[in-house]
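Worksheet: the structure to be examined is printed underneath.
Each chain carries a letter (A, B, C and D) given by its place in the written order, and its residues are counted from 1.
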Amino acid sequence: MNGALLEVRDLSVVFDGYRALAGVDLTVQPGELRFLIGPNGAGKTTLVDAITGLTRPAGGTVRFEGRDLAGRAEHEIVRLGVGRTFQTSVVFEGLTVVENLDLAASFRRPLWALVRRRRGVSDQVAGALEIIGLAELADRPAGVLSHGQRQWLEIGMLIVQAPRLLLLDEPVAGMSAAERERTGELLTRIAADHTVIVIEHDMEFLRRYASAVTVLHEGRVLVEGPVDQVRDDPRVQEVYLGRPREGAAGGATGGPVAAVTAAAAPPGGGGTE
Amino acid sequence: MTATTPQTPATPATAPRFAAPPPAPPWWARLGGPAAFTAVALLALVAAPLLLEPFRLNLLAKYLCYAIVGLGIGLAWGQGGMLVIGQGVFFGLGGYAMGMYLKLHEAGGDLPDFMVWSGVERLPALWAPFASPAFSLVFAVAGPMALAGLLGTLVFRRRVRGAYFAILTQALAAATVILLVGRQGLTGGTNGLTNFFELFGQDLAADGTQRGLYLVVAVVLGVLYLGARQLLRSRFGRLLIAVRDGEDRVRFLGYDPATVKTLTFAVSAGMAGLAGALFVPVVGIISPALLGVVPSLELVVAVAVGGRFSLAGAILGAVVMGQARTTFSEQFADGWLYLQGALFIVVMTLAPRGLAGLAGTAREMWSSRRARA
Amino acid sequence: MGAVINQLPIGLSIAAVLLLIALGLTFTFGQMGVINMAHGEFIMAGAYTAYLLQDWAGRQAVPVALPVAFVVAGLMGLVLERTLIRRFYGRPLDTLLLTWGVSLLLQQLARDLFGAPNVQVRAPEFLEGGLGVLPYNRLFIMALAAGGVLAIWIYLNRTAQGRRMQAVMQNRQLAAVMGIDTGRVDMRTFFIGSGLAGVAGVALTLVGPVGPALGTYYIVDAFLVVVAGGLGALRGAVAAALALGLLNSYAEFWTDASLAKVVVFAAVIAFLQVRPRGLFVLRSRALT
Amino acid sequence: MRKSAWRIGAAIALISAGITGCGASPAGTAGDAASVAGGADTIKVGLLHSLSGTMAISEVTVRDAEMLAVEEINAAGGVLGKKLVPVVEDGASDWPTFAEKATKLIARDRVATVFGGWTSASRKAMLPVFEKRKALLWYPVQYEGLESSPNIFYTGATTNQQIVPALDYLKEQGKKSVFLVGSDYVFPRTANKIIKAYAAANGMKVLGEEYTPLGHTEYGTLVNKVVQARPDAVFNTLNGDSNVAFFKQLKSAGVTAKDMPVMSVSVAEEEVKGIGVDNIAGHLVAWNYYQTTKNAANDKFVAAFKARYGADRVTSDPMEAGYNAVYLWAEAVKKAGSTDVEAVKKAAGGIALDRPEGQVTIDGDNQHMFKTARIGEVEPDGQIKEVWNSGKPIKPDPYLRTYSWAGGLV
């Protein structure tokens, strides 16, 4: 296990008595492109949240480059080199595209250095604009971007920060076919020189771009391995095609919302396979 | 994932979001207009002192003091999303620093008059440094900044924000007033500090002194405005807006929003403190009634009326509301509360971007019509 | 030691007043994110309701006014919600300023309708006298607060309407997706929250002044209770009101009334260092 | 930037225009205030009270009384053959506003004199304005003393005309111990200092001294402290709405006027209604005037006031003091033959008039009034019955120089 970039050991997360993660182990080596899949409620986003400091784990460890991430604030974890995107993209609508990128790129500057105005566009930002294909929209406010463009901008904001590990949460959810195509290319390009973990529901996308896959189910790792092997695993097939067990898991939170959530959850992308 | 996965970033209770998001491009940050600024500056520095009778000039100086506070509120609230309804506390801290200096100067080595009435026999140690005008002025700015820095650190680091923060600043204002009133021997109680006659050897009642003070206030306001504008156009300003619109997201860019907010809060408190220090010689009194919840809220409302997203709007609002208040109470006193109340409701409902926003909209309509013609 | 025991009922009665006032606020603030600065004026409306009912009910005005004031203040809240606040969902800070404007208007209106001086509401005979240090009117307020908490608990947990209200409180969008008419729920919430303020107003006529400024005396403390208790959490409001009430009474006993207020504020700040979101908080994964 | 800057520019221009527009009225050189005030056949006088805000409740009644006096004087032919024109301004319960409005009345409206103020804070805020501009203020409310500005006439009681007689009365009644309860501001703290000095010299015990913030309404703890201390009497300097809460909570704690009377110095007829007669009946108050005070001048005042403002209105001490102030000033102007501030001040000393409270004489030295102290008891009908008076007007002594026990106070 030595030399692993990310090592998650026996990680558990509890929400009001409901165990969203129940002892997850995950190891990611430098340079890897890892896909995380699983049905609704499997704990994929929770896992990413716990790694990036958004959610405090109830137990277990997360080590990044050998350093324990426990108890560190989100921004400190980012500064160690772990970047992430969100399912629903959150770019700063009040700022322009280039300002969004520039802000992301400046994160290692001391605060006092930020008091000076930005002059021009740094090479790094210009490069990222090129990669994500938003060069001609550089000076438009991010608020006018389409859903797909926002996701790319978010990825761009990650790239300029040069993280050693990228965590992308459903980057193609809600995208058109053409947008998926471009996102896939973007992903391939990024994965060439970054370590990336992608949460994805979309099986088509998965088949095209994934090599290694980890399947989560009910807060545990169900299977891990190359994409074909995972796809043929009977346990995975049971989870995805067999009896829908996520309803029971959701019910454990109790209260009206849980009832609502279980029923209201739209059929996830994972169920399409 | 279950449907509890991250929603769009707005739980109503905590997210400082706006139904009608501000017009995306920060137009004020990109339009350079030294000529226009110079015109306003000339009007304020040359025309006003020449045209206004001393009584009105003195009132304008008072409004400009409020405008300085408004500028700070615009920075913290309009740009940083931190609604402060305890800004009067910082204003008061600056005011008291200046008031203490003037009072000691007036007493000329004796005890200030109110201490004699309150049975204080020796000058409290807290007062001693304020015999120095330099210390008083520095404290007027640094004191509020330090207090805001402390409160900000305590509160923002624990991610208390939005409504909670607003309520805490409100409670701070209420508690400060009670403390000031209760420590009468030290602070002059409800009466506050008053009865000043001289500032740096100048007779405060003289028209010339008041004109000079007006100019000082106007220049300070102008300088602070330029400084604030510069700050907003910098990366820090972009970061501040980012914090306003998505504090948690900023964390994932590797910044600590608590630091950004605390700094901004402290800067805005420093402005309020300076305004308070200038206010005292202009108006001649500082008392707890000036820094409670109500005056603090009135300042915020003035900024809302002027336009919280625009620094110029914040200044405009403070001046307009100050003048409106004076005019109204001269005409019909009872009407002021109705008018003030109604004004907030109308502004918040129909023009959340305030006068500045209305002017912007009007201009856009005009220019688009002209473009069509 | 005698002081500790003596002050206990006084602390509890302060807590009861705080709780009565804060109960409505936890609702409107917790569920709808509305910081209703006009809540104090709904309290005032309740107090004036008792005053007006004296012409008809004489000294029984206070008990008679309880349900009437609930409806009167509730309707005022309803009107406020329908006409103004509904435009402001998702802008809590703006509602603060908006409702402050409303509160100024209502105060001035009260001045014009009832005059600036305080008016008198006579307490019913059966509330004269008391048990030891605890007067009957204090006991009445404590009973009222306890009754209010119980009624709300039953409403929230034992009725379909209450469950819908909880659902909206926990996840508005999802509740809407589920087919809950969130607009109706909001109306109901505001009606109940404001109505509780009216009830509090009637109770306050027993111990305090009845005048146009009535609401302003209680509003800051009430908000502190809500902040310390946590958003929309009934048990949080109860615990926070108890804690602040007791702290207030003991701090005042050992220092003075001015310092007690400062102590309470400092305590709330210190407490938020430990529990930034208040005592009880609904866990949410929403990213803000 | 350009656009926003233009916006401020436009606004400032607009405001400046507005200000200068207003300023175009009777201008002239600022400075010498009064002698020609109001032009040929009228004299302007300023009435400056809080008409809005927390103090409006009290101050409006004084404004009403002063207005009545102005109207009566005008109906009788005015002063020096000129009609008085009242200029009413709102102090808005805000001390800097008082200073601002005082400046306006003096410098812009050029009034001959100003009648105004209620709280000490408002007076302290106005004082430098009147002193600097050599103008004249008539202040109508009892206050804490320790002041004697050459530009202010004080028509309410100073401490030796209210607090000291109240203590004399309590002593006479055999009260050996008192508990001091007050709002946390200047008047109560000063009053209590005097009370403690008096008590020390007269063998009275002060069992406790408690202050509550202005507007405080939670008196459970304080009442508890009072009850435990078991004093013979309570000396109450609470202000405004706090009185309502205090008396209600005192009564519900089972304290009656019989076993523990409360002597109040800020509760007048107007406040009794709000407190509720049930809650305060039997307790004591100390003033110089009550609506029930028996004499011809008062019968006339009460009748005129009710005729002007409604039968349900009551008159009170500060109202009467404000009403007197206008008459006293008018008398001084007649005597001086001019409205010039210095002339009026010189003429004022020694003027004696029969007023509703009895004879009032201006003390030319400290510009306070000789006033008769009266202790009253609240009746079940809400009126106040006089139970004791000082027999003759007491010479004002704002610094208590003639009282040996008060030596260490100032």
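Basically, a contact is a pair of C-beta atoms (placed from the backbone, for glycine too) under 8 Å apart; a residue touches a chain by one contact, two chains touch by 3 or more.
By chain, with names taken from UniProt: A = ABC transporter ATP-binding protein; B = Urea ABC transporter permease subunit UrtC; C = Branched-chain amino acid ABC transporter permease; D = Urea ABC transporter substrate-binding protein.
Everything numeric here is computed off the predicted structure, so don't read it as measured data.
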Chain whose average C-alpha position is farthest from chain D's own: A
Per-chain Cα centre nearest the global Cα centre, belonging to chain: B
Chain pair bearing the highest count of C-beta contacts: B-D
Whole-Å gap between the CA centroids of chain B and chain D: 34
Inter-chain centre distance, chain A versus chain D - centres from mean C-alpha coordinates, in Å: 72
Mean-CA-position distance for chain C and chain B (Å): 31
Two or more partner chains touched - positions in chain D: 184, 211, 213
Where chain C touches two or more other chains at once, by residue number: 171, 174, 256, 258, 261, 285, 287
Overlap residues in chain A, where contacts from two or more other chains coincide: 54, 86, 90, 257, 261, 264
Chain C-facing residues of chain D, complex: 54, 56-57, 60, 184, 210-213, 215-218, 220-222, 224-225, 227-228, 241, 244-245, 248-249, 252-254, 270-271, 273-278
Touching residues (chain side chain D, partner chain B) in the complex: 1-9, 11-13, 15-16, 18-20, 22-23, 27, 30, 51-52, 88-90, 92-97, 99-101, 103-104, 107-108, 119-121, 124-125, 127-129, 132-133, 144, 146, 184-186, 189-190, 193, 211, 213-214, 409-410
Chain D partner contacts - residues on chain B that touch it in the complex: 27-28, 31-33, 35-37, 39-40, 43-44, 47-48, 51-56, 58-60, 62, 116-119, 178, 181-182, 184, 189-192, 194-197, 205, 207, 229, 283-285, 287, 289-290, 310-313, 315-316, 319-320, 323, 326-327, 329-330, 333-334, 336-337, 355-356, 359-360, 363
Residues of chain B touching chain A in the complex: 1-9, 21-22, 24-26, 230-231, 233-236, 238-239, 241-242, 244-246, 248-257, 259-260, 263
Touch list for chain C against partner chain D, complex: 6-7, 10, 13-14, 17, 111, 116-123, 127-130, 133, 135-138, 206-211, 213, 216-218, 248-249, 252-253, 256-258, 261
